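Naming follows writing order (A, B and C), and every chain is counted from residue 1.
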Amino acid sequence: MARTWRITLAAAGLILVLSLPALVESSYQLRLANVIGIYLLLVLGLNFILGYAGQLSFAQVGFFGIGSYAAAILTTDHGLSFWIGLLAAAAVSGLSALLIGIPTLKLRGHYFAFGTFAFGEVVRLLAVNWDTLTHGASGLSGIPAPAIGGFRFDTDASFYYLVVFFALLGIAVSARVERSKIGRAMFAIRESELAAEAMGIRTRQSKQTAFTLSAVFAGIAGALYAPLNTVISPDVFSFDVSVVVLVSLLLGGSGIITGAVLGTVLIVLLPEWLRFLDQYYMMIYGAGVVLLMVFMPQGLMGLMENLRVRRARAHAARAEAAPAGVGERTDRVAP
Amino acid sequence: MSADTTLLRVDSLVCRFGGLLAVDHLDMEVAEGAIHALIGPNGAGKSTVINLVTGVYRPTAGTVSFRGERLAGELPSTIARRGVARTFQTIRIWRQMSLLENVMVGFQCRTRSNLVDVLLASRRSRADESATRRKAFEALELVGLEAGAGRLAGSLSYGQQRLLELARAIATQPSLLLLDEPAAGMNPQEAGALVELLFRIRRQGIAILLIEHNMRLVMRVAERITVLSFGRKIAEGSPAEVRSDPGVIKAYLGQSEENAAA
Amino acid sequence: MYQLVVNGLTMGCIYALIAFGFILIYNAVGAVNFAQGDLVMVGSYFGVLAVGLFGLDPFGAMVVVIAGSAAAGYVFQRLAYYPLRDGPTINVVISCLGAGIFLRNAAQNVAGPEPYTMKPFFGAELVELSGLAIPSQSIFVVVLTVILFAVQYWFFFRTSLGRMLRATANDKYAARLAGIPVRRMIALAFVISSVMAGMAGFVLVPIFLASPNMGFGLVVKAWIGVVIGGFGSVPGAIVGGILVGLLETFTASLISSDYKDVITMLVLLAVLFLRPQGIFSEPVQEKV
């Protein structure tokens, strides 16, 4: 696909995103957009540890909850500004990733996944029981809207632009990491950790970096969610959130930024479009996950990428004349 | 041609997997800048030796020393950074990345820039990236794969993939290169080109320890040969010495197919 | 004090049964089954159905539970595992996760979100045994668990079918080369695993209630047992499961009921820090 095509598409998308409040009819839809933006940060975060480094993680909800509680406690109980809360959310989540990562990243294969799953549960239990800090089961309410100087982000539209800012920042950071030595190291680990180690990559560190990045993204998402919802309770730590984040990434295409965006949009909007399914939606959702893994494990963008590669390869095969290296297989014809 | 400094030294190395004794009290030395071959019938423990040296397996007993320092229980990545690079018997290139990217990963352990540098797009990270790209390209040129460096590694033929793994290992700027059957599946023409490549690598000052079944290649390239059978050394010396050793001939009698093909 | 041991042992046996099934699947296909807890739930519901709807006695109900769980296990692997058998195991993990979601919500749609309960299987709530009052259900659970594990041991170590299954779990490729029908063995592994889970679910109902989301907490505890006991190790899973049951009960009583889960998790983290391979270490090293 020509580069100009991609740029125009991205530009069009950007214009659409920036003018959304004007195009949309109800504040409910704008709220959905905000939810998409916040979820996108969660999904982009997961993309580091799962998409790039290839480690299945269910920790996103745990970091999300930690971030939202950190922000909520600092802004509501201590009257600090949203920005301090945001910084604290990112820092505390990042630190948790370090604490959790040290014992769990040495677990082989999917035991790490289960460890992250257990982590989410622990944090939820802490939120419920540590009354003095977290207000227990009732949680915190009256979380104030963010403000810069005199301006308060207390309307759906103004908050939307705040979310868009962070979402775009998240995309930029992801793109930067993906193209760098850090990203390459993670891709290497995903495909063959053994080979990565043999080439001098400190795989433990690399996985930890991916994990910490995923946590920071989730923490920031949490800090944004707190004022959006104005209320935070231990319910925020529902395992379903981690599953939704995972399915979004897989549906769109794991390891691909545009995949993360596409998947998130679809997963948030699907229940709206399929409202008529009522209580059967979750059942179909579960079955859908199985079908997704059977028929389209590389996701929508992955599928497109495969088609593109296949077309390019067919193209190259036709034009094949380039002399390859020493090891080129010659035909088994007598010389 | 070999210098008198010992680069790699293996002392009384033992590796046991449950009931199986894979390496039986092996003593071996690889000199600086040498081309040293490790041969033996299938199952003799040759790949295990590479895995022990590179830290993939932990020895049951004995020591491995590199440049005089013991490599005791270090991570493979640490050993690689010390200057010991390797290729795998079953090719382990990263098929979803391009040729250039595969080899860039090899070099990048020599760069200093970190996550912060990357996020801020600092001068250091940009300089490192272009240096990495350049070095990777040079390594590809050395093995002859520089054309179409942007292709996906998975699209290469088997022999090309072996060369890619070699380029990647070279990109780590090693002093010692451990090659596990680099000529496997190559026809005589390709094997001949590999011999030239190995000499080119040695001219860059890199010592080579190579596991091979292709005897013609081994005889042409190696200055010193160690022969293993059932995990223990049965002969060692120059190609001429090893070729005429009765123990070696006996050990290979059951492996006549490979020898006939070489 | 003895009360705590009895209660802890009861829950421990249940965790051990779930952990066993969990390990069996992990050894056979290399994937952690997030839906293991939901298979427990399926067993409970079959039990509730048998007793509540058909009015069967506990033993009759057990037959229903075994049959139902076996069928569920077979269908589960056929749909969620079999199509993905040649791909990366991570896909299997996610697929099982999706299947679990389906099961949970299907149960909720069919039977409603309200939990079901059953009376203890054998009449009187408590039984006098050398001066101690022990819940009759606990005795049943422990006895049943011992029987099940004895049967399992006999099957795996004394029958040729069991040997073939062990061979498959140990090394799929070698087993295939030896002419073992690997696909059928894996299906069998899922069926056995599901039956163990179902039995755990069934005996759990009088103690714990049967509800659509009951599997969630259970599978976490079982997994902790597996980690403590040692990856890939069957005796480890059993011992680990029992230890978790005891730990949980003692913590709840002696320290705090609210924090018992947190403390269990902390013990897990401690084990991961200090002895990550668990009590019975993993036998196989990755061959390069």
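Assume contacts are C-beta pairs under 8 Å (C-beta built on N, C-alpha and C of every residue); 3 or more make two chains touch, one makes a residue touch a chain.
Since we're looking at a predicted model, the values are computed, not measured.
Of all chains, the one whose CA centroid is most distant from that of subunit A is B.
By number of C-beta pairs in contact, A-B leads over the other of A-C and A-B.
Note on chain placement: the centre of subunit B and the centre of subunit C lie 46 Å apart, centres being C-alpha means.
Chain geometry summary: the mean Cα position of subunit A and that of subunit C are 32 Å apart. Each chain gets a centre from the mean of its Cα atoms; for subunit A and subunit B, those two points are 39 Å apart.
Annotation for subunit B: residues touching 2 or more other chains are 56, 88. For subunit C, the set of residues touching two or more other chains reads 288. Across the assembly, subunit A contributes 194 as residues in contact with two or more other chains.
In the complex of the two chains, the subunit B residues touching subunit A come out as 54, 56, 75-77, 80-81, 85-86, 88, 92-97, 101, 104-106, 108-111, 113, 115, 118-119, 121, 125, 128-129, 132, 143-145, 147-148, 151-152, 155-163, 168-169, 172, 186-187, 189-190, 193-194, 197.
Across the complex, subunit A meets subunit B through its residues 173, 176-177, 180-182, 184-185, 187-188, 191-192, 194-204, 209, 309, 313, 316, 322-330, 335.
For subunit C in complex with subunit A, the residues that touch the partner chain are 30-32, 34, 79-80, 83-84, 87, 89-95, 97-106, 108-109, 216, 220, 223-224, 227, 231, 258-259, 261-262, 265, 268-269, 272-273, 276, 286, 288. Of all residues in subunit A, only 54, 56, 102-104, 106-111, 113-115, 117-118, 121-122, 125-126, 128-129, 194, 239, 243, 246, 250, 279-280, 282-283, 285-290, 292-294, 297 touch subunit C in the complex they form.
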